[in-house]
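Letters are used for the chains, namely A, B, C, D, E and F, taken in the order the chains are written, and counting of residues starts over at 1 for each.
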Amino acid sequence: MAIEAADTAWVLISSALVLLMLPGLALFYGGMVRRKNVLSSMMHSFVAMGIIAVEWVIIGYSLAFGTGNWFIGGLEHVFLRGVDLYSVSGTIPTYAFIAFQGMFAVITPALISGAVVGRIKFKSYIAFITLWSLIVYAPVCHWVWGGGFLTGEALDFAGGTVVHITSGISALTILIFLGRRKGYGTDSIRPHNITLTLLGTGLLWFGWFGFNAGSALAADEIAALAFMTTFVAPAAAGLAWMAIEWFRTGKPTALGFATGILAGLVGITPAAGFVTPMAAIIIGAAAGSICYGAVVLKGKLGYDDSLDVFGVHGVGGITGALLTGVFASVGGTGLLLGNSHQLLIQFEGVAITILYAIACTIIIGFVIDKTMGVKIDENAENIGLDRTQHGEAAYNI
Amino acid sequence: MAIEAADTAWVLISSALVLLMLPGLALFYGGMVRRKNVLSSMMHSFVAMGIIAVEWVIIGYSLAFGTGNWFIGGLEHVFLRGVDLYSVSGTIPTYAFIAFQGMFAVITPALISGAVVGRIKFKSYIAFITLWSLIVYAPVCHWVWGGGFLTGEALDFAGGTVVHITSGISALTILIFLGRRKGYGTDSIRPHNITLTLLGTGLLWFGWFGFNAGSALAADEIAALAFMTTFVAPAAAGLAWMAIEWFRTGKPTALGFATGILAGLVGITPAAGFVTPMAAIIIGAAAGSICYGAVVLKGKLGYDDSLDVFGVHGVGGITGALLTGVFASVGGTGLLLGNSHQLLIQFEGVAITILYAIACTIIIGFVIDKTMGVKIDENAENIGLDRTQHGEAAYNI
Amino acid sequence: MAIEAADTAWVLISSALVLLMLPGLALFYGGMVRRKNVLSSMMHSFVAMGIIAVEWVIIGYSLAFGTGNWFIGGLEHVFLRGVDLYSVSGTIPTYAFIAFQGMFAVITPALISGAVVGRIKFKSYIAFITLWSLIVYAPVCHWVWGGGFLTGEALDFAGGTVVHITSGISALTILIFLGRRKGYGTDSIRPHNITLTLLGTGLLWFGWFGFNAGSALAADEIAALAFMTTFVAPAAAGLAWMAIEWFRTGKPTALGFATGILAGLVGITPAAGFVTPMAAIIIGAAAGSICYGAVVLKGKLGYDDSLDVFGVHGVGGITGALLTGVFASVGGTGLLLGNSHQLLIQFEGVAITILYAIACTIIIGFVIDKTMGVKIDENAENIGLDRTQHGEAAYNI
Amino acid sequence: MKYVIAIIRPERLEEVKHELQKVEVNRLTVSSASGYGEQKGHLEVYRSLELEVNLLEKLRLDIAVNDDFLQPTIEAIKRGAKTNTGCIGDGKIFVLPLEDVIRIRTGETGSDAI
Amino acid sequence: MKYVIAIIRPERLEEVKHELQKVEVNRLTVSSASGYGEQKGHLEVYRSLELEVNLLEKLRLDIAVNDDFLQPTIEAIKRGAKTNTGCIGDGKIFVLPLEDVIRIRTGETGSDAI
Amino acid sequence: MKYVIAIIRPERLEEVKHELQKVEVNRLTVSSASGYGEQKGHLEVYRSLELEVNLLEKLRLDIAVNDDFLQPTIEAIKRGAKTNTGCIGDGKIFVLPLEDVIRIRTGETGSDAI
């Protein structure tokens, strides 16, 4: 079968957009940590580009998209065996498909890093994401998109479950081994440069058009729809967050608005190509509000998910996955069109993924903690990870 | 009619590029203000993404592109009624068209924010852009592109009139209600981080390829031409600005070069797909020089259009619109090809838009000033908008 | 012949991506210099966008891609004569081709600027790149891609020789006239903001997808392959650099990882569309390791190629060009497939380019040094180039 | 001679400079600092996490003066630095003895060099 | 009254503040500084170029105290600033005479104003 | 003992440090500051808007010395900080009395601890 040049162009540029989300994420997170941890935090995203990209072509792709069974793909594409220049996936070259999917594999573990900033050993982080990508990401990706037991059942347009729920839940779970940062809750822990975070937000939104609209895997009407929903949902989410914050604290913060946008991007991800723009506004507003609540709750409960990976990606992903089951009206039908079954399936997909992510993260965390240790010592935490883990200072005179 | 996948891909990626101009603008402006106002300034761009995006799909699109009359579109597409997955505009899905046009609607009021930094109330800013987008942007957009009385008459390839003249003129007008910043003209008001401004310039130029070349609404020869002119015009404009500045003050500044690039981008916008690359160089150089003059003049006249929205977007937009009437040679003919009538129409379009923008801005400004007040009090201005309007500090230790 | 819309869209967006590499480069370099030289360093990239863009359409394009002879193109396309809206190159409008190639012309001299930061006169820099682009870039581009004596012989997919070897070698050569920065090798010269460098790295990688995959000049299988190799090679290179650094100094630095990524991007450039992804991983790892070695060697030898243009672009480009002759297996065959002749040709291309670049750079440098002088005086160097050359300070309160 | 160190609110700098100029004190050195003091309860909210910020941005002025200028200098700073409400956080002035001053350019010393 | 200037490692700030609070010294001014001193040999590596960094990040505390608070203040700083290993670079305390203090808000002077 | 505060041009730091090392003054603390002084007329142009910048970047050195080191220290700073042209803005040196010094690491006090 021949490829479609237009679809190829679209998926390639979408892949590049998703790659740009990594520096975007690095800035988004990096701006929120203290000066002494900014390089460490950014390196979490960058090193994921190194490790997971290589791991993906060696084995990850095969595990996720190889034929395999209901649970996991086979090993037939290890080292990209069986793929060559003329292999085709749908209407695009398989290489384009592998690259596009590889970007998703890269960003997912990097998302987790927001929870662990300022106190995780760099080598343990590397070990963690390497294992996690194989043990959690590859199977869940296979379930939902690669021919596993949820494929064709659960609606997940661009990765609400595969990307955001897995990472958000695992972020919360890994805290078992990390606890809080020293000084948590005092003014000595404030975002060191919110302009970086805003720039990161901009790059993330930009890249997310590739993430969501690219997931149509063709330059067609569905891509246009997904583009449109990815435009309005984060807008609505940012406004919702801002409105609540303004009302509750008297000030609409820039950081809050940025977080709201992100919540909206997460929330619309599973629904992007399945719902109308108007439904997208509702989903966005819901994601913004609910994530706001989750983040407030965190503050009350006192666990230190430092940059709110759970509150935004976990909660936002769950919200989006369930609301997809409510609002789906394009290429699938949800509750509002009378298909309550879909909501059930969505719920099932979410629940299984949550349990699986928790279990695996505990095991991986436990193994790493026992072998190389997860948390750095207090003195190193005081001095900062940039200096102690990387031997650098981000800012010099 | 079926869509063209390649055109769809091109318009979608162009839309994403235009969205990226918002963070670009936020950085461009944010770098030029003082540390204490940087988040406030960036939020002006970000919040426009929130508000106008939602407003656009609810009503703005309908007012701009609904059938309506010579002055304004109808209400038939309110809440995107009548648009569905398979709606087509030209050769692309209507959703793609709406998204692309929505990006223009978002960026236009955000441009205005450069004039008002450091002293406008956040809530008044929100009220202003919400109203302005309906009252000024939607009608002018309808006139020029949506079937109104200038459609097919005035040449405005990508928004010299619709985007830059409206925003530049309104920026100047709103100063009636704002006056100067405290300390205007002393060294205590200097750009706090020019690297941000340069990065913003880079993102703006990058995004502008989507803005201009995307306005071809197809991946065709016109798009390639518009791309080419958007490449060389800002280059020439930056050089022109730099040359004059070097000659006059002895130093070629980075900020000046960046401003020149922007002036060139603005200047070529209405002409992008109508002129040859060589004409684009002339237009760019002209825009760079004339905007330089306008900015010098501002300094002499002493009004505080803080980041020169009028000097760059207003004057650059007018320059471009008129020169389009001079140099047009592709898909339209200008003065140089003997069609003096076109220049007249261009002039007419510019004049009407200016008058309309001034009148509406005065009314909107007046209403807001009387109800919620436009300017913050002096103490808050001293402390800075980040702290007083948003309760944040951009930079912490 | 008609154009292909999909190929046009792909080349246009790729051109925009390459343009974005300029701000990317400005940040990459700007972050590594001291605060007092950051604008100067960034301006080196920005002013190249101004000067070379204009020079390219006036004469550069004609010299590179005009018919001409084995050595250089003719003058038939000076001022883009003979090109109009409907001119076609391959399957895309000639304007798109000119824009895409123009981006390459712009970035190549800008790469050199990394070697000369902190001590070159701005006007001399301008003179240098203006001449260099005509005397070095245009001919070498003509040799390899424009119909010159290496066209169809040497394999250079996206500019390993044309872009990276020419710039890397010239960067080293120009140091003859510049010597070291004052204070070289002491702690007073440290990167002032590594977050900028990381962001720059991200933008460069993103843009490089346009650079490499766009060089297919079509949205086809080759583009997908080049995309894929541009994804994994830098990943492998970053990991290689990090591994060696970690082993040797005990700390994996963020700056090192970023440099490794860049080395991998350079290394894969000539090979991008000619090798499999697995070969790309090897090439990337090789480029990362060998460039690391080159940079260490520089430290030992004590010459002040400030930001390692030679170590990364020169050495990386040579590594890539030769390894292309080893691993080529798609659209060309290399040593591993028994074609030792190709390696020889690669070697020949590299050697001739090196000699040519050295000779011309010496001549250009000599002329500029004798006329306007290349290096600023010591006092100005102490104060910094931002203040003395541009009359600005990047950061103010 | 005295060495005066004043800690003020950043937003009062212009006023203080203005008042100092009035009493012909035209030379000073400014640096940024953070203050911990009585002034508390300034609340910042980061993603709904309320932090009681007690490290506050301040400016520090160093002014060397001849003895007869001391009192006017202090008064000028007070006038310029005091907010209308006379709030906690308005700042403090410290007076240290100063033994000698040297102007590098000319080599002058003592009260001439101030 | 004394004007105490202490140069400490940035990472010890929280401990020092904590110790100072224990002895009821609640007001201080912090600023960032770079120190050159004995403490050398801290090596940084930039792209394999080894730099011996002798300009080190420090914090500077300024604390004005009444005479009877001087000794407790010094002891508190010492307790808070000393690393377990008592390494070079732990810092220094300088004690300067202080002639007067003025609280801007109230106009109080002398030891009451501290 | 004396506490020397010197305000210099940022670009002279290396020279000053060099001169200080020659007279065996190896410890100092550097911080950044902005100076207002005689030195005016430095013009900056932002988008053609000319601003007379009177807030100038400076470095501030703090050096505690024993009495017999005072004169050499002052001379060294003067040598290092003076520009060829001896321009306005070369800076100033202030000498304050210093009552005590404590080295945190060892607890040493007085002139031994300097």
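Throughout what follows, a contact is a pair of C-beta atoms (placed from the backbone, for glycine too) under 8 Å apart; a residue touches a chain by one contact, two chains touch by 3 or more.
Since we're looking at a predicted model, the values are computed, not measured.
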Pair joined by more contacting C-beta pairs (B-F or A-E): B-F
Same-residue or different-residue interface between chain A and chain B, half as cut-off: different
Computed distance of Cα centres, chain E from chain C, in Å: 48
Inter-chain centre distance, chain A versus chain C - centres from mean C-alpha coordinates, in Å: 33
Centroid spacing, where centroids are CA-atom means, of chain B and chain E in whole angstrom: 51
Junction residues of chain F, two or more chains touched: 31-32, 34, 44-46, 55, 96-97
Chain A residues counted as touching two or more neighbouring chains: 4-6, 9, 13, 188, 190-191, 193, 199, 249, 251, 253, 255, 391-393, 397
Chain pairs in mutual contact under the definition given at the outset: A-B, A-C, A-D, A-E, B-C, B-D, B-F, C-E, C-F, D-E, D-F, E-F
Residues of chain E defined as touching chain F within the complex: 2, 5, 7-8, 31-38, 55, 58, 60, 74, 77-78, 81-82, 86-97
Chain C - residues contacting chain A, complex: 4-7, 9-10, 13, 17, 34-35, 190-195, 198-199, 201-203, 205-206, 209-210, 213, 218-225, 227-228, 231-232, 235-236, 238-239, 242, 249-255, 257-258, 261, 276-278, 281, 330
Interfacial residue positions of chain A with respect to chain D in the complex: 185-191, 245, 248-249, 251, 253, 255-256, 259, 292, 295-296, 299, 308
Chain D contact footprint on chain E (complex, rising order): 3, 17, 26-31, 62, 64, 96-107, 113
Chain A residues within the chain E interface of the complex: 36, 183, 188, 379, 382-384, 391-393, 397
